[in-house]
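Here come two complexes built around subunit A, the first alongside subunit B, the second alongside subunit C.
This part shows the complex of A and B:
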C-alpha cells in the first residue's frame, strides 16, 4: 500500500510535464534539428556543404536583405523604446482622464488581428489612400510614399510595438516609489536629475528586456513586410517564404531559418544576461 | 525668539472632500513642534503642504518671513524625512547623503568631510559603504535623518519617522533626535499619532482633528488644561462622568484622586466598587465601577493589595474639569 503511494508520488510530476514535453519535442526540437541538417546538405546530392550559408553571406542581394532587415528591426527597437518610454512616463506621472484614455488605447492593438491592422493602415497611408484624398479635397496633392519603403514598415511596426514597449516599461516604472522621487525633489533635484538618477537606474533593465522582445518579433516578421514591403530589398521573413514556396529550395530556406534563429538568439542572450546580472545593491 | 514658520489661513481640499482648513500656526526657531492626531486628521497633509508636496487651496506659508506658498519642494529650505525612510536603494549610505550636496555644487573634499561628520554624529560612520537594504531599521532611520540634516535645512520635517520601528528602538531614536536638535539648534516639525511620543519630544504640540488644529500648547498645557473633550481624551488617560442634566461631562485624570475613608468624605468624593486591581510597576491601577460607569484610578504602588476586587472605596477628586458634551 505504502509502496504504491510512494510510486504515485514519484511519477505524478512527470505525468503533468509529459504532454508539454512531447509537444516541445515534436514541434520545436524536431523541426530545429531537421532544419539544421537540411541546411547543411546540397540540394541535389544531399552531401554535406556550407554553400547554403555561403550564398546568404556573399550574394549582394541577400546581404542587402540582411542589412535591410537589421535596419528595420533596430530602428523599430530604438523608436519603440523611446516613444514607449515617453508614453509610459506620461501615464505613470499623470492621473487624469487623458492618461486613462491613453492606457485604454495602449492595450487596444493587442486585440486587433495583425492582418486587419496592416490592411487598415495601408488604406489610410498608401498613395491615393485616405490621406491623399483628404489632401486632394483641400486642394493640394499629397502622397505619403510609405508603401514599399523602410519608413512605412517601421511606422507599422511602431503601431504594434510602441504600446507593447510602453506596457513593459510602465510595469517597471510602477516599481519606482513615488516617495523616492519626492525625496529627490525635496533635496533639490530637478526633473531631469530625477529622471537620470532615480528613474532610469530603476528601469534600465526593462529597456533591454523590452528591446529584446521587440527585436525578436520584428527581425522575423512576415505579415507587414509581405503586404507592405517592396521587391528589393526585402525583409528576411519574406525571403524565407519565397525560398520555400516559390523557388522550392528547401535547403536554402533551412539555412535562412537557422540564420534568423541565430539573429533572434542574439537578443535572447541579451535578455538572459540582463536577467541574471547581479546588482551590488541587492 | 524668532519666528521660523508662519502659516496663515491655510487650507487644502482634495476632490473627495478630505483635507485641512483654517490652519493658523507659528513655529519658533529652535522648536520641536508636533502635529498630533489620529490617522486621517490631516496632519500629514499639513506637513506635506509645508514641504511643498501639496499645492494648497488658500492661505500663505512663510519660512523665515519669506513667502514660499507657491514654491516647489526643491526651492524650499525644508527637508522631509518620510515615513518608511525612503532611502535610495541603489545608492550607498554615503551616496544617499552626497546626492543633495552634489546638487548644491559643494566641492568633493568638503562633501566628504561633512558627510563623515554627520555619519559620526549619528554613530553609523562604519556603514558608509553599505546599501540601505543591508542596514537595520534603526540604522536606516539614522541615515534618513542624516541625509536631511547634512543639507542644513531651515526646518526639518518628520512624517511619523518611527512608526516602522519596534518600541525599544523608537524610544532610543526619540532621545537621539532630541540630543541632535539641542546640539544643532534646528527647527523641527514632527508628525505623529502617538501622544506619548508627542509629550516626550515636543516643545509645543498642535492637536489636530478633522483637518483643523484644535489646540496648540506646551505638553503640560495640553495635558493639564485640555481645551475640549477631544483633546482631553486624546492625550493621556482621562475619566469622564456624565452629569445628571446630561449636557456636561466631568473629567479627571486617574492620578488626580486620593483614596479616603468614608468619614472623610466631603465634596467631590465618590463611592465606587473595585472591579479589578492591578500593579502596573511603580503604581497600582484600580478599575472601579461608579453607579453605571467604569473608570480608572491610579494609586500608590501597594494599593492593589489593600483594595482587592469587590472592595467598596471612597475617593476624592482633587482636580476636575467640566466640558460641554458633543
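This part shows the complex of A and C:
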C-alpha cells in the first residue's frame, strides 16, 4: 500500500505533463527537425548541401530583406519599450479617471483581430485615405506616405506592441514600493534620481523580457508586412510565404524557417539568461 | 480521489492523442440522400475557389433541386474554399484515381480549361469521361469554345482580366496594348498593377506584355523554349517601371488584386488591370466609384473559361449530364451573372440580370486563354527578380 502510494506520487506529475509534452513534440520539435533536414537538402537530388543557406547570406536581395527585417523589429522593440514604459509610469503613478480610461484603452488592441486592425489603420493612413481627405477638405494636399514603407510597418507594430509592453512593465512597476520612493524623496532625491536609482533597477529585467517577446513576434510577422509592405526590401515572413506558396521551393523555405528560428532564439536566450540571473540588490 | 485525478489526466491524454490522430483520417464525406420512396439518385458536384464561387454554386444547386430534373436527381455541393490549406480538389481527385477507387462520389467537378491540362498530366487521360451529347440538349446554345478538353469539358461561365479606369479622369481609354503602354508613359504614377504572384490581374498584365511579342501558339504551350524569348516583354515592363504608381517617391506594386482596386477607388491611380467579375461586384456593392468603367484592349488580357467535367471514377453519369444541361439553361446562366457577374456562355439576349450592363461587349466567344503550365511560375519568378526586387 505504502509503496503504490509512492509510485503514484512519482508518476502523477508526468501524467499531467504528458498531453502538453506530446503536443510540443508533435507541433514544435517534429516540424523543427524536418525543416532542418529539408533545409540541408538539394531541391532536385536530395543530397546534402548548404546552398540553401548560402543563398540567403550571399544574395544581395535576400541580405537586404534580412537587414530590413532586423531594422523593423529592432526599431519596434526600442520604441515600444520606450513609449510603453512612459505609459506604464503614467498609469502607475496617477490614479484618476483619466488614467483608468487609459488602462482600459491599453487593453483594447489585444481584443481586436489583427487583420481588422491593419485594414482599419490602412484606411486612415493610406495616401488618399481618411487623413488625406481631411487635409483636402481643409484646403491643402497631404499624403502620409506610410503605406509600403518601413515607417508605416513600425507604426502598426507599435500599435500592437506598446500596450503589450506597457502591461508587462506595469506588472514590474507594481513591485516598486511606494515607501521606497517616499523615503528617497524625503532625503532630497529628485525625480531623475528616483527613476534611475529606484525604479529602473527594479524593472530592468522586465525590459529584457518584454523586449524579447516584442522582438520574437515582430521578426516573423506576416499580416502587416504582406498588406502594407513594399516590393523590396521585404520582411522575411513575406519572403517565406513566397518561397513556400509561389515558388514552391520547399528547401529554401525550410532554410529561411531555420534562419527565422535562430533569430527568434537570440531573444529567447536573452529571456532565459535574464530569468536565471540572481537578484543582486534587494 | 487520487485515483480519479490520475484517471482523468490519463483519459485527457488519450483523448488528445486520439483527437490528433483522428484529424488526419477524417476526410470530407458526402451526405447520402436518404433512400425515400421516390427513386431519386444523388449527384455530388465538387467545386473549389473563393466565396463568390461558393455563393453562386449554392444558388445553382437549390435551383436545380427545385427544377423538374431535381425529382430524379438530388444535387449536393462539396465546396473547398481556397486558401484554407485544405487538400485541393485536384490533389484529392488524382489521389483517388491513383488509389484505384471506383464508384466514388466525384460525380461532377468544376475545372477551367487550364486546369484540364494539369489533371490529365497527373492522372492520365482516363481521369475524365466524355459526356454524351444527346443527354445535353442545351449544348447547342453554348457559344464558348475551349482550348483543351473538347468532348470532356462543358464551359459554363467565363471571366477575364480587363482594363478598369476612372471615366471621370480618362476620357479616351486605350484600345490596344500599344496605346495602353503609351498612356502609362504619358501619365506617370497613374497606373498600377498588382504583383503577379499575389493575384491574377497583375499576372495577366505581365503575361500579355511578354507574350504579345511571341507567336500565338506560345500562350498555350508549356515548352521551355519560349522562356528564351521573354526578354523583349520583360524589358518593356522594365521601361514602364518608372511610370508606375509611387508612394513616398518609391514605385509600388501592391499585393493582391484588391490592392490595386483600393488605389483606383481612392483616386490614387486612374487605370488598373482587374478581373471583370471582381470589378462588377465592387461596382454593385458601391466600393468602387460609379465613374469606374471596364474595357478590353487588343490583344486582350487573358481570361478563363470555367467548365464542368465528369470524372471517370464518379457514380452518376446520367445525373451529372442532367446538371450540365441545367447549367446551360437560361435560368442557371442568369443566376451566374447575378451572383458572380460571370460572362454567360449563352447568347447575351437571353440574360435579364441587371449585371448585364457591366459585361456588355465582353464575349466568352473571343476570350484569350493561357495555359503555360510551369512556365507561369517561372515568369513570375523572373518578374520578381528583375522588376519586383527593383529595376537595376
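Keep in mind that, in the parts below, the second predicted complex is superposed on the first by the 265 of 282 C-alpha atoms of A that agree within 3 Å, B and C clash if a C-alpha of one lies under 4 Å from a C-alpha of the other, contacts with A are read in each partner's own complex, and residues count from 1 in each chain.
FYI, a residue touches a chain if its C-beta (ideal position, glycine included) is under 8 Å from a C-beta of that chain, and two chains touch if they have at least 3 such contacts.
Quantities reported herein were computed from a predicted structural model and do not represent experimental measurements.
Three-chain overlay on subunit A, with subunit B and subunit C fitting side by side and no clash. Of the two partner chains placed around the shared chain by superposition, subunit B is the only one that A:177 touches, whereas subunit C remains out of contact.
Once the two complexes are overlaid on the shared chain, A:187 sits against subunit B while remaining clear of subunit C.
More residues of subunit A lie in contact with C than with the other chain of the pair subunit B and subunit C.
In the superposition on chain A, contact is made by A:198 with subunit B only, not with subunit C. Minimum Cα-Cα distance between subunit B and subunit C in the superposed model: 40 Å. Overlap of the subunit B and subunit C interfaces on subunit A comprises no residues.
Within the complex formed with subunit B, the subunit A residues making contact are 177, 179-180, 182-190, 193, 197-198, 201-202, 279-282.
On subunit C, the positions that touch subunit A within their shared complex are 2, 5-6, 9-10, 12-13, 16-17, 20, 195, 197, 247-255, 262-263, 266-268, 377, 380-381, 384-385, 388-390. Those residues of subunit B lying in contact with subunit A across their complex are 51-53, 72-74, 78-80, 82, 84, 86, 88-91, 99-100, 103-104, 131, 133, 147-148, 151. Every residue of subunit A that touches subunit C in the complex is listed here, in rising order: 8, 11-12, 15-16, 18-19, 22-23, 26, 61, 126-129, 143, 145, 147-149, 226-227, 229-232, 242, 246-248.
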